């Protein structure tokens, strides 16, 4: 269907708004043809600004360049860039029915009515909304609206698809459903896609690569695996998934904590002694219920704490444990265990902990 | 039932009576053979016919001016409203402030200013276009406001960006996306403009000539110099002209004078 | 915001700006200049503000307008709150009747008062039947007062009703639960809650009354309200400088009143009557 996507290169793209606020620090990024790149970060981190610069809805500050397949498109406005765009607010035209919306880009491109109708039907079918063709957009549910918006953006066979928090306005179940659909579309079409979201699960599921942003800067670029398992800094680590951070005194390759001690991995880069913080994911913690009151932590490294809250979440149990570190530790346990607040547990951190320089 | 209900109810009905009884009296008088003798003297359409004979021209002229005024305010006001909705800067705020001034400044002062400035252009001064200018000045703010109110209630920016991402240029966007989506404001503004133009007196009285009398000018003339029955019959004709406009306005959701429509919220968040 | 649109936007705004400048700003500037070119030059302003006849008419018009405003606010305050608080048969009709005169030109309002209190008016008939004397006040200051109240009611009642609908009834209920009497609730809760609407619609009402010409023209050929004085000076005495300066004074008064209204209510208002 759509031809292979084109590659995008951002060179020193910065954005300062007229009121002087710096929304985006100079950013360089290469997006390969057909790749899906997800910009992830809290609101105000500059991810939407970046998307709008790629789209041509904003111009980068002087010196910044946007290059599509080797061609500098910086001076081109959005309407000349041949992109498809999907908005959080859908931005459907209320004065047109569904078919009118989907066919609008074709009409702008002066595609003959016959071809237009055929293409619209094809798009509606692809998005499973054929029966909505004659509906007014006011009569659609949120999920239907976003399907129409996707069909509309893809109808013109863009080589780049830009999605600005397309699922944020939808409820959880629909979000999951459409996310799978978008994933399928992006893989099948081979289109270059840039996707903006603040939802890390969405980013993980969709992105070939994730660009984590913080306050106008790129915090990390990497595959979902890299970003999750080797976060570049505490911000990335905290933003993606839950992270336990504990602080204590480091000595003889271990970190000493109120509930016992943790083995430190990669000891070479760690100061032999002194105050240190380490971090680990909840799923890295192995939880064993203790039976005898006199049980001691495992000599190779382990902590003893008390369950203060246990949430049964279906596929696993989420535990909050006090007494092991200076602050509460979150851990996951298999769903066949039973925990009640007050239970004493032994914690082992699988594969060691990641040291942080923040001290 | 207690006095807290009865007293205000009584006052409400009293106000209704105060406002509506004269209307009823006037309608009756316009259809009565001799109002001094009362309805017993019989009902007649004679006075209405008389009004038609004497003042037919004023009715046509009023309609002509109202329709022309509508045309001009549409051409001037709708694009202006779009510009004001799209750009909120010091300049556009000033522009908006100025545009609304003819509503705040008494018509008499505007008419005087027009007479002093353009009174010397005889052809213009003697034509109905002179009155049209006054009406356009006075009604333009209402059109701008009505359209602006709708434009600022819809997601104009989102719609336009949607259209642009699909390749639509400026005028295509304006005609295919912006205009169709502020239709309700245009309709409300149009009704307002026609209603105001048909009833405008303050400016018109100063600007009219014996050959360019509008309906309200004719009304004032008949009140001053004709018998009460003719004045009443004339007023009745005017009411009949208002009815369709008022019904349409009501149907659009109540009285839509621009002061009922909230203006743009100055604190509305915008991407700079 | 895309700068590329700017030339097109200027193009769209241009017709309105040109027409408006040529037919409003330019004439208004001429009006100000005409005063300067008159016999007394810019001192004309001093003349109109000190000359007994003009000063009296200015004061009389302001007193009349203030009185009309006070009475209209009181009436519409009670009725507006009542209409939003109670549901009864024919209520929509009542609201429609109270707002209908919104579209009446000033001359028609004047005529309505002639029907009510003129030489052949209803009040005349009633008083003659009751006392033997015909009460005719349409052509006096009292008639003007009643007429101004007539056209002010629809304007004010809409604003009051809109504001009364937004009042939080729970605050009243809280006041009652604390033992406040109806009067105290009115004074301490309802009136403060309506205050912005009352002030803004009061200012509109005042400005409208100040500038009302059609009504005065129909009723008050012998009463010197400011618009009538301007009209007489211009047409009968051909005293253009005085007429211009008076209308500028009038324009400033109404404009200031409406600016106050707008700053309090955030709306644009009309002084048409």
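Chains here go by letter, A, B and C, matching the order in which they are written, and residues are numbered from 1 within each.
Everything that follows uses one rule, which is that a residue touches a chain if its C-beta (ideal position, glycine included) is under 8 Å from a C-beta of that chain, and two chains touch if they have at least 3 such contacts.
Keep in mind that what you see is a predicted model, and the values were worked out from it rather than measured.
Undergrad: Fewest touch steps from chain B to chain C?
TA: Step count on the best path from chain B to chain C: 1.
Undergrad: Chain with the smallest distance from its CA centroid to the overall CA centroid?
TA: If we average C-alpha coordinates per chain, B lands closest to the whole-structure average.
Undergrad: Between chain B and chain C, what is the separation of their C-alpha centroids in Å?
TA: Averaging C-alpha atoms per chain gives centres 16 Å apart.
Undergrad: Quick check: how many Å separate the C-alpha centres of chain A and chain C?
TA: Those two chain centres are 59 Å apart.
Undergrad: Could you please state the distance in Å, as a whole number, between where the Cα atoms of chain A are centred and where those of chain B are centred?
TA: The computed centroid separation for chain A versus chain B comes out at 55 Å.
Undergrad: Quick check on chain B: which residues sit in contact with 2+ other chains?
TA: Where chain B meets two or more other chains at a single residue, that happens at 271-272.
Undergrad: Pull out every residue in chain A that's touching 2 or more other chains.
TA: Residues 18, 57, 77.
Undergrad: By the touch rule stated above, which residues of chain C touch at least two different other chains?
TA: 1, 4
Undergrad: Provide the residue numbers of chain B that touch chain C in the complex, in ascending order.
TA: Residue positions touching the partner: 4-5, 8-9, 11-13, 15-16, 18-23, 25-26, 29, 35-36, 72, 75-77, 79-80, 82-83, 86-87, 95, 98-110, 112-114, 116-118, 133, 136-138, 140-142, 145, 170-171, 174, 195-196, 199-202, 205-206, 216, 219-220, 223-224, 228, 231-232, 235, 238, 242, 245-246, 250, 255, 257-263, 265-266, 271-272.
Undergrad: In their shared complex, at which residues does chain B touch chain A?
TA: Touching chain A: residues 154-155, 158-159, 161-169, 172, 176-177, 180-181, 183, 271-272 of chain B.
Undergrad: Of all residues in chain A, which touch chain B in the complex?
TA: Its residues touching chain B are 17-19, 21, 55, 57, 77-80, 82-85, 87, 89-96, 104-105, 108-109, 152-153, 156, 162.
Undergrad: Going by the contact rule at the top, pick out the chain C residues touching chain B in the complex.
TA: So the residues of chain C in touch with chain B come to 1, 4-5, 8-9, 12-13, 15-17, 19-20, 23-28, 30-31, 34, 75, 78-79, 81-83, 86, 88, 94, 96-108, 110-116, 120, 122, 150, 153-154, 158-159, 162, 182, 204, 207, 210-211, 213-214, 217-218, 227, 230-231, 234, 240, 243-244, 247-248, 250-251, 254-255, 258-259, 266-273.
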